[in-house]
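Order as written gives the chain letters A, B, C, D and E; numbering starts at 1 within each chain.
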Amino acid sequence: MTAGEEVLAVSDLDVRYRSGFQAVSGVSLSLARNERLAVIGPNGAGKTSLVSAICGDLRRKASVTGDLRIEGRSVARRRPHVRARMGLGRTYQVAQVFPGMTVLEHLALARIARRRGVGRWLREVKSEFELTDAEAKVIDLLGLRKVLTQRVSQLGQGDLKLVELAATLCAEPQILLLDEPTAGMGSREAENVCEVIETIVALRPSLSIILIEHNMDVVFRVAQRAIVMHQGRVIADGTPDDVRADSEVRALYLGYHAGA
Amino acid sequence: MPRRRFTAAAVDEKLGKDARCEFRVSGLNVSYGGVRALRDMTFTVRHGEAVALVGRNGAGKTSTLQGIMRFGGRATGSVVLESAAATVDLSRAKTYEVARAGVTLVPDSRRLFPRLEIGHILRLCAEEVVGRKAAAERVDWVLHLVPAVAPWLDRKRGELSGGQQQLVAIARGLAMRPRVLLLDEPSEGLSPVARQDVLEVVLNLKRATGMAMVVAEQNIDFALALADSIVGLVSGSPMWTKDAEVFRQDRTEIESVVAL
Amino acid sequence: MSRPVVPSRWWAHPGESLWVRMVLIVVVAGLYVAWIDNVGVNTGLGSVLMLIIPGALFALAMGVSYGWCGLVTFGQGAFFSMGGFTAALLREKELSPLSVVVLGGVVGGFAAWVFAALVLRRSTSLWFAMLTLAFGQFLFEYGNKSSHFGGPDGIAGIPRGSVFGQDLLMQWPFTIYSLIVATVVMLVLAVVYVSGFGMVGRAARLNSQRAEALGLNVVMIQVTMFGVSGAVAGVAGVLLAQQQSFFSTGYLGLQFAGAAIVAAMIGGVNSYWGPLIGFTILALAQNQLAGSTLGSVGWDLVLGVGVVIIVLLAPDGLMGGLDSARRSLGRRMTRRARVDRRRESSEPRAPEAVGEGS
Amino acid sequence: ACGGGDGSSGSDDDGPITIGFFHSLSGVNAGFGQQTLQGAQLAVKLANADGGVDGRDLELKTHDDQDGSVSGTINAVRALQDSDILMGGSLSAACAGAADAIGQTGKPTIYAGCSPNEIVSTLKRDNAFHIFGTNFSIGSSIGRAMKQEFPDVNTWDLYCTNNLTGFQIWNSVYDGIKAEGGDVSLDQQVLVDPTATDTRTQVSQLAAGAGDASSKGLFLSTFGAATTTFLKGAEPYGLTDKYAAVATSGAFDLTAWSLKGTSPQMWNGFTYYYGAVNTPENAAFVKAYEDEYDGPPSGFAYQGYTAVQVAIAALEETKGDTDAKGLIDALGKVTVKSPAGEIHNIDGLNQYNTPVVVWKSVGDPSAPQGLKVLKSVLVPAQDDINFWQPEEDSEQLKG
Amino acid sequence: MSSFIVAVISGLSAGALLFLAASGLTLVFGVMRIINFAQGAMVMLGAFIFHSALFGQFQPTIPAFVLSVMITTLAMAVFGVLLDVILVHRLVKLDEVPVLLATFGLLLAITGAVPLLFGTLPLSSSLPKSIDRTVTLGSGVVVPLYDLILIVVAAVITAFLAWLLNSTGFGRRVKAVSDDSDMAEASGVRSGSIRMLAFALGSALAGLGGALFAPLVTLDSGLGAGIVVEVFVVIVVAGLGSIWGALVVCLLLSILVAMFSLYAADLQPYVLYSVMGLAILLKPGGFFGARHSE
């Protein structure tokens, strides 16, 4: 488990939607253990499609070709839950939650998903309602404690994203894929999200992260490396500073006069 | 009030067919599922002028344009078209009525109908506004203005590149005989060359027809090249409205809003 | 470890004292039936109860398949009938009625499980719904033709037998017997409902994509839950067959399954008690309306309009409505409940932690 | 704790005597149920006009069997609960579902319907009496009549619903012909799906293979809608005219009624057809019925009427006493002048010896109900036929 | 050989009727992504309306027959508009499974309303005398004239629908609305009205199917549920959204059923369902399915 070991390898990935639109073309990337990679690019560049393809969420919507390896094992033909059990965990651009459930139940679900063995199905859900210290810390940082027993249908879009993040973290993934975790949030919440990511990274040294973000502050704070996508292709790859200096990136994404 | 006041013909009759119109938006609020995305947006565009909305991702540019069209979220506030002769209040109009009154949106993701051929799309949209008889003529006029589109008439969306689609989207907007053209990120996803093409088309149009325009842009060069005044948006609220001339010399303020 | 407080909603969900409540219900119902038998009104509510039980269990099976894991089925009558025909075909074997019940449950459950496993791996829940309809119809055709199943005239002479020396031929022993079987089924389901498995099933219904992304095998969960639903339907079928001494292919039709869907939806598909209550209400209502035009000829109209209204206005049914009414009663009651719990709670820091945040 | 012991919880002695009516009043079979109800109502009305039974009025309480659904069975229990004597039943599932309750309460019960052999045998309870024919009695009566009318027709084409009832009826027809010493062989047999709505394919098949049918018979082992659909499919081919004999079972008058006087020449066997029975009782019944309702009585109306007649006869026997035991005894003893003739219980069988009418008719728009009777035969029930114990059933078509 | 041809032709005509029932469903799905469980019930309602529109004539003249068919089609179109105003426009926002349940409710409601409106006795009417006959095709094959008429009508309807959807302004608007209803609205298309029209057209097709079906059968309230099962089989095999696909599958399936009733009558009831099962296993989205959005 040394850092630098490759945990996720994507090679030559194509995503073509049923409508015929090719959203991702020939993307290859590799993610090392404990690496934090940002994916940036204009709207419609294919960032979300890339992440969804990695998770296997596009099965019925698009044809996905190319190879995909988690910890060296090819998963290109595996269903999403298998990939998740191999360590993938993701959040969505528009928070995906279970509308009738409470926040606590979301956390319990993630915990059940994490466990192995038949026993996890049979235990009463209530016994899953206890938080570990790490989870309690995440919950407190995200300010979710006061809504723990509320149904998520009563929460706003921003809070939903926090709930989703907390639940995803509860499932203890090895590779965390975050799709615009701070979009639609105020600066304070965005700050909290960053802090949570930092906390988790500190607690779990083996965690790797792919972060899609439009908020450059977050990108600079969290990511060690950034790739830029445009029209389904990777057009730049490097440290955030390198990327920012890249003229094509400036032209296409940051704008010609982006401050350096 | 009778609905027919919003047919294209009725609006023509009221405002005067080729009259110079002023387009006023004031106190526009937009919310999505209870979450406010835009607060108190106010601006005015005169005949032959263009306003650019600038701001970061998620600042509310798209929400402004979609709020004017009444689609997407829930919008409140006043939207009026005014000529010397009369005023048409679009605050309570339905989306298609706004469109028929001559306020035309070129949306950010282009949103061409995938199952229709380009020629049919142009024809269809023209018919809705100018009627069946005048439509062919109108489409010819558009093809004359944007000749690049002519060879693609029998293709479908899936057979066009992003930049090509953008041109078609603009052509579709023009086919609807706009008094006010709402352009959402017209330069997005375009190669610099394509961007130059689009800019030329739009500038020509402005000069030639005196069409009023509202442009949502992240690309400052594009915005400055096109607009006469600029509205700076920060997290859902307009911060300032200034003459574009101010920024042609000094861009610091605009960059502080748009860039990092 | 901290344990946050969870408000109790026992009327929508079985709580921890479930066993006590169940036993209480059986005792009360039993006493009631015994009482009416003693006063001599042997065709009163007691027999209505006996007649309602199989239907109510069947409605519950609908709830399990749609409400608990998101699979709409128009062909659940197939598994109900498998139970019923199990009893019918074994009518001469002199088996104990309880073992027939178990067998019927196993047959229905296994068939449902196999069916779902074959279909669900390949298609969505929408196609699944349509396929269940065709499946039921297929068996209907088959049953009607094959003499093994008595054709449209059914099979009669199904014995009730005796349990623990108690002859079930008479009405009230049979009612008690049905009640006990139903209670056991409910207890098993309660275990499922409050377990992780039950919650995961609901998650699959609410947002299957999210559930998969969390690492939950949605297809496996749905297939298993559908098996459970089939087993409940099978048990209900056996009970009906024993009660009527008769079973026919008529129960395979859309009509029968449709009424159960409606019942489940009226009560609230995703609640534990909902389908039972929905069915009881419907049965009693129809009983009351019988004789009026609306109650007889136009009953389907009432059902149909009911479904439409529920889908549009109250997708969680009566139980969901009660639940949100309770919630909107305000925080006061909840708070009081919390205070009470705090007194009971042996855990020192639990309640204080709630609501205090970072 | 036996339920049968205290079945007298009904009405007190001064109020009206209640006859429970339990039948399909909703759903696909509602038409039949409603007709039966009309017959029963007429009988009650006539009896009350006559002063009731022993000075007490009769009252009919209706309950819907809802096609045998579970809540329909609940209604059966209710029907038993608030009546002194119960009549009803037409649909298999509903009858059978209620049979148990009927047996346990020990209330005197009259089944007016329930034709399939198996059903009838499952309904057997000591307190219940069956007064009309089964598939077996109707089929074999048709067979006998066919042999007498068409001694030379030995070859038959069969158009048959692909289920047990369809098979049973044909097999009984076969037995009936054989019993008269005839010879039967099947030429074409075309099976139709009982749930199918569109059966033109099968009809055209029959037409294509009919060949020279002038010496053949055609038997339609179908009911109601299936028969109508057949006739419509056969119309363009002129198929029914090609055969020497065409026969069907069931309440063909309803079918013919819906065909508005266009039905072809057809033999039919059922418990009753008003135009095919020549008794003074029938004339009175038809007159009373026509006065009360719009048209003449159907077979179902007759069944309802006769069932109530039987009930009244039993009540008169007990002098209005509604005690269950006495009534059951009376039901075993009485003789009733039904429109189709005198009927009584066959000793020890809880089953009446009701005759079967076999008649030939042709559509005639000017005739009442659009049907003209050309000929009729009343086949008395054979005393040696025991409906309760149907002969061993076959999955094979005979012939 | 001649019985073979007869079977093919009667299969074709049965398929033509089935298609009239299924086409409305396919159309409505194509536009609104709504699976209308009640389509079969609407066909039944059409048949009853047809019967009423004959005003008691049992065997109408040809003009009366044609007029009644037209009245029925029109009445069902109006019914479709009413349904859209009351119910359907609310369904567009729901997920597919609740939609299925709601339209199932509609099926129940129509089935329950029919006996209230038209009475409980089975009803029946007949074809005009002059078309209720057979024609002899070459080599002694005798087939009912009406079978041929039905086949022609189905072909005409298919061609009409294909023309309407692919070559007219209405068709383009329908596609635009179903592709992206918000954007269509922003392009000036009254998407609500287009939806209403499309649904009315779907209902009108059900009415037409019912009217052409009515003279062949006895009408009772059980008719709707029977039709819906067959229609679902077609939909599962054909996939949703393709008119031609629906036609082809209706015809092939009906011929197959006819063949079975000719050569293996015992197995005939199972044919449809076996084909359906096979289709699910081999081609889960149907053989002609338009892209099936999740």
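Following the convention adopted for this analysis, contacts are C-beta pairs under 8 Å (C-beta built on N, C-alpha and C of every residue); 3 or more make two chains touch, one makes a residue touch a chain.
Worth saying up front: this structure is predicted, and the values here are computed from it rather than measured.
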Number of hops, chain B to chain E, where each hop joins two touching chains: 1
Co-neighbours of chain E and chain A - touch as defined: B, C
Most distant chain from chain C by Cα centroid: B
Taking each chain's C-alpha mean as its centre, the one farthest from chain D: B
Between chain E and chain C, distance of the C-alpha-averaged centres to the nearest whole Å: 35
Centroid spacing, where centroids are CA-atom means, of chain A and chain C in whole angstrom: 39
Overlap residues in chain A, where contacts from two or more other chains coincide: 19, 60
Chain B residues counted as touching two or more neighbouring chains: 114
Per-residue overlap in chain C, given as positions that touch at least 2 other chains: 124, 137, 141, 145, 255, 297, 299
Partner chain C, residues of chain E touching it in the complex: 35, 87, 90, 94, 96-98, 100-102, 104-113, 115-116, 120, 221, 225, 228-229, 232-233, 235-236, 266, 269-270, 272-273, 276-277, 280-281, 284-285, 294
Contact set on chain E toward chain D in their complex: 2-3, 6-7, 9-11, 13-14, 17, 58-59, 115, 120-124, 126-127, 132-134, 142-147, 213, 215-218, 220-223, 226-227, 254, 257-258, 261-262, 265-266, 268-269
Sites on chain C touched by chain E in the complex: 70, 72, 74, 118-119, 122-127, 129-131, 133-135, 137-138, 141-142, 145, 253-255, 258, 261-262, 265, 293, 297-308, 310-312, 315
Partner chain E, residues of chain B touching it in the complex: 8, 69, 71-72, 94-96, 98-100, 105, 107, 111, 113-116, 120-121, 123-125, 127-129, 132, 172, 176
In the complex with chain A, residue positions of chain B that touch it: 32-35, 56-58, 108-109, 114, 157-158, 162, 185, 188-189, 192, 218-221, 235, 251, 255, 258-260
